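Provided herewith is a single structure, encoded as structure tokens, for subsequent inquiry.
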Amino acid sequence: MNVDQLLTNFLSPPILFFLLGMVATLVRSDLELPAPLPKILSLYLLLAIGFRGGVELAHSGLTAQVAATLGVAVLAAVAVPVYTYFILRLRLDPANAAAIAATYGSISAVTFITATAFLDATRVAYSGHMVAAMALMESPAIVVGVVFARLAAKRAAAAAAGEVEPIDWGHIGRDAFLNGSVFLLVGSLLVGAATGNRVGSAALAPFTDQMFTGVLALFLLDMGIIAARRLGDLRRAGIFLGAFAILVPLLNAALGLLAARLLGLGHGDALLFVILCASASYIAVPAAMRLAVPEANPSLYVTMALALTFPFNILVGIPLYEAAVLAFIGP
Amino acid sequence: MQPLKKVEIILIAPELPKLQRLVEKLGLNYTVFHHATGKGDRGVRADDDLTGVFTNICMLTACREDQVPALAEAVRPLLKKTGGLCLVSDVLSLTH
Amino acid sequence: MNVDQLLTNFLSPPILFFLLGMVATLVRSDLELPAPLPKILSLYLLLAIGFRGGVELAHSGLTAQVAATLGVAVLAAVAVPVYTYFILRLRLDPANAAAIAATYGSISAVTFITATAFLDATRVAYSGHMVAAMALMESPAIVVGVVFARLAAKRAAAAAAGEVEPIDWGHIGRDAFLNGSVFLLVGSLLVGAATGNRVGSAALAPFTDQMFTGVLALFLLDMGIIAARRLGDLRRAGIFLGAFAILVPLLNAALGLLAARLLGLGHGDALLFVILCASASYIAVPAAMRLAVPEANPSLYVTMALALTFPFNILVGIPLYEAAVLAFIGP
Amino acid sequence: MQPLKKVEIILIAPELPKLQRLVEKLGLNYTVFHHATGKGDRGVRADDDLTGVFTNICMLTACREDQVPALAEAVRPLLKKTGGLCLVSDVLSLTH
Amino acid sequence: MQPLKKVEIILIAPELPKLQRLVEKLGLNYTVFHHATGKGDRGVRADDDLTGVFTNICMLTACREDQVPALAEAVRPLLKKTGGLCLVSDVLSLTH
Amino acid sequence: MNVDQLLTNFLSPPILFFLLGMVATLVRSDLELPAPLPKILSLYLLLAIGFRGGVELAHSGLTAQVAATLGVAVLAAVAVPVYTYFILRLRLDPANAAAIAATYGSISAVTFITATAFLDATRVAYSGHMVAAMALMESPAIVVGVVFARLAAKRAAAAAAGEVEPIDWGHIGRDAFLNGSVFLLVGSLLVGAATGNRVGSAALAPFTDQMFTGVLALFLLDMGIIAARRLGDLRRAGIFLGAFAILVPLLNAALGLLAARLLGLGHGDALLFVILCASASYIAVPAAMRLAVPEANPSLYVTMALALTFPFNILVGIPLYEAAVLAFIGP
């Protein structure tokens, strides 16, 4: 990866505000974004990225390649938590293995959004259906994770001849496919797709487009603050999970790059697909796991995704994957 | 002044709907305090996790002594599953 | 009403986000806008609509027709709660009758704003003083409602030979004319009018104009969520109040249309005047009634306005009234 | 440790200024918790009503036993008018 | 039901981290309620001061009777410095 | 000062919204911006003014005059709390004297920002490094104030032969230089300076520039509300402190004007330097004093800065200082 890409990424306001947030925590400044501002900012980002993606989708329309991309996206979202689960079981109990597998099988919308900002800054085109791909990749891992956890619990209960509470699939499905962030993303995508070709949608543009980078910067400031707060918990995670939080994203990125190549994705779409595979969820999945798999320890799965994988992806990952895409797929 | 039992239930926020349903089934009135943070056997619950599911709520309900056992039985499984606290104490309620 | 109007209204992002919010609640997604975001959004909308109206008022100035329009607006705001009160007394106790009458005598700023967005989308002009009309129509109904409730309470107390607490007019007046939303709307209108012809005001435009549709969409998303939440309470309201919540707005719209015709209002202004008459308050009035008439049941008057009248007006009402205006007043 | 009475008053939010005036008239210190939701004889009080007047506040005041009656009398009409709850219990206050 | 002591500590918000450190040193679990306003000997604490440092927090901790003295000693200097309140009362805790 | 300047300042939306807020409180309207909105708005203003200043700094670069200006700024920020402390000791105990001295030695970012809005409206240029000057002037007074308070406490303790808790310099330094508002302002300045000459920074402009006046207006609305709420406490402050809150800013303004002349600052920069000297802090300093000097009474130092000095500066001060700058330094 050449120096200029690194700089373009590093010297972009959003990234610098992320670092600023980390510094704030490390020097023990009392800077913080008062709740519920972070929640509000993430709602805005989901609405805006969804709506913009939908509008572009309305312009481009659904092609065979689009369908193929979406299919592969779902496939990846199911495959990743399965293979990672078995890796994790080498060291962890089923509950924690399942929760972490789900975390890395799902995606991080903000990582994706930061990558789109990088592409915008480097004037590289990407298509709206990648947002649809992101939406489709958020939920499957949750279901996979919960299933693994429950099956293990069943076996344990059977062994102990105790009884286990029956699986409430309706609840799990709701957590997976209807949780606030997934629903808002998909809904905004549909609204954008439905109105994209009509005059009305233009009226939303100043809100969804012009504010976008600014809100992202503000949100990353907060992400930096809370990511740094969790650095302390990393010790508890240990060397195995620490390595996992860096190596598995790299591996998933490689697999994603391969898939992108086979799908014949262009430069921008390829990078976004790679970042989706490499990213880990710290919103939708933890929210679901907290209730569906209460035995799992949040300070493991949230910390890994937030304090290691997220910073790694936006600071090192984006330019690294960009270089790989250029080398492997071309501009 | 009427002697009642004050029951305070601390629970993780997303379980509140379930708790409300079961308290209402017992026909009890209640007050809920939101966005409480805390530390327990299952670790810290802060307000900075973007998901909003890691904060606690505290439900306060003043009821007759004979209503407490049923409430306790109803709440126990919730506490078992996701942790929390349930405190009972004596109060006098101003009759109006 | 021709299909295209319906579509222009339906396929506008704000309306679709409203529907999205309703769906979110109906499928039991946990999507919600955290408090105090909805309050913040409504403060913004009142400030922006007030300021923009004031600026336009500064440009157009006060004419005889403007004065006449404002006069008729106040008249309507006094007449509606009076006649509806007596209709409601057929079935309800004085307190609830008074609260509901006040609700329908007053107006809904967001319904008005949604109508302006519709006019913007269909490129129909309207004038700034309609915002002044809206401001004037918000308060009178509150006073009328409280007076009816208190007089009834007095009679009841006299009959029961009990004593009734004296009417605190100062408090009622403050609730009616100085409650936050009315005050901000009027104040912003005055600020806009005072600065409209000076350079300074332009600096506010990006904030008050460009963000407007986006914020409206976000607010309607929340309105959809909470409106759907109250659908359950409708059963309690019963068939009489259910019919009231649809028919009275239609009747008021018809009366409004007549008045608009007599006032010689143009297309845009006529539609806005009609929507003002047809709309019901779910912010200013409930806030006032809750304290001034505590015996009245909020789950009646809030639910009717929020779960029936508001959705009816923005989904069906706007295109319907538009068609009526076109037929009865012309383009 | 000084024995005191702890009085908790749950009231609808917009009545708080009135409550504060009358508690201050009695010369009492107090703490107020805001944005509490709840359910009572007069229905549910949620936080989603755009007006912000439908949530509850909870005022906590620790006072001497002899101050309770006056407080109770002062609060009763408020509870009568818009509903709520007033609980009294025994506490020890750490003297500092 | 296990008999415990309920300790409620009202303190100015920015002192919370210090309070948490010292309560955790005693190995106690706790729950914190935020953004409480109030009035005390040192004047009013409202929520409208832009700094956010003038509101109160209320920490609730249920502990064994023998843990109270140490807690009281640890809290007293904080109360001395920036004011506040510390109340102790009897509760029964639902064992789960 | 000629009438037109007064009008340009008075008839600007931000100022009128400030007055609107004061009126709201005085007529006992229940209008208020729900927490944490005011905190959010001030975070935005600090981020935006910092970032914009940094970008301009990146364009202009550091010159000898810039360095000189910053040096004098720090000097002023140290000198003012020292001399005011001794004035205040004539009537007050050390703790309150120290807290008030710190308040007037530091600056008010919002007063500064309102002045920049005034300059924008009157099309007068000013340079980005004035934001750096503001950042440098925020903290020193805090240290000075705490030192005075602690030395006095030491003497008192020695006299009473009691022991005094040792000064926690790390904590004081953190409160002074790393408190949230200072940190965000400086950080945003650095981010702006680092990215100002790169394409990426432009993406932030709509957020930091176009929303700016609107957010300022909204924030001043809240400032008006809370300033008016504190008017009641003024009685407690008494005539001495009342006079202090007006005369000391005027004196500091005069000294600032002299310094600006000696530094050879241009019209815009001179006005900003004067306003910095004249303004008093009601955020950073109170936050620090509350903990470092708990014996001091906030309803004195916050009330003076918020209810007297701030309104005086933005209503009368800005046009007054502007006239003085024109007379003393020229256009």
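Labels for the chains are A, B, C, D, E and F, by order of writing; each one numbers its residues from 1.
One rule holds for everything that comes next: a contact is a pair of C-beta atoms (placed from the backbone, for glycine too) under 8 Å apart; a residue touches a chain by one contact, two chains touch by 3 or more.
Quick caveat: nothing in here was measured; it's all calculated off a predicted structure.
Colleague: Just to be sure I understand the contacts, which chains border both chain E and chain D?
Modeller: In this structure, the chains that contact chain E and also chain D are B.
Colleague: Over half shared numbers or under half: where do the identical copies chain A and chain F land at their interface, same or different?
Modeller: Both copies touch with mostly different residues.
Colleague: Calculate how many whole Å lie between the centre of chain A and the centre of chain E, each centre taken as the average of the chain's C-alpha atoms.
Modeller: 38
Colleague: Give, as an integer number of Å, the spacing between the C-alpha centres of chain D and chain B.
Modeller: Once rounded, the distance between the two centres reads 19 Å.
Colleague: Can you give the whole-Å distance between the Cα centres of chain E and chain F?
Modeller: 34
Colleague: Return the residues of chain E touching two or more other chains; collapse runs of consecutive numbers into ranges.
Modeller: 14, 33, 35, 47, 52, 89
Colleague: Do you know which chain F residues sit against two or more other chains?
Modeller: 30, 32, 34-36, 39, 206, 210-211
Colleague: Where do chains touch, given as pairs?
Modeller: A-B, A-C, A-F, B-D, B-E, C-D, C-F, D-E, E-F
Colleague: For the complex, give me every residue of chain F touching chain C.
Modeller: 8, 11-13, 16-17, 20, 23-24, 27-35, 37, 117, 120-121, 206, 210-211, 213-215, 217-218, 221
Colleague: Which residues of chain F touch chain A in their complex?
Modeller: On the chain F side, the touching residues are 35-36, 39-40, 43-44, 47, 51, 174, 178-180, 183-184, 187-188, 190-192, 194-195, 198-201, 203-204, 206-208, 210-211.
Colleague: Give the list of chain E residues in touch with chain D in this complex.
Modeller: 10, 33, 35-41, 47, 56, 58, 72, 75-76, 79-80, 85-89
Colleague: Where on chain D does chain E make contact in their complex?
Modeller: 1, 4, 6, 20, 24, 29-34, 60, 62, 89-94, 96
Colleague: Of all residues in chain A, which touch chain B in the complex?
Modeller: Chain A reaches chain B through residues 32, 35-36, 38-39, 42, 225-226, 229, 282-283, 286-287, 290-291, 294, 297-299, 302.
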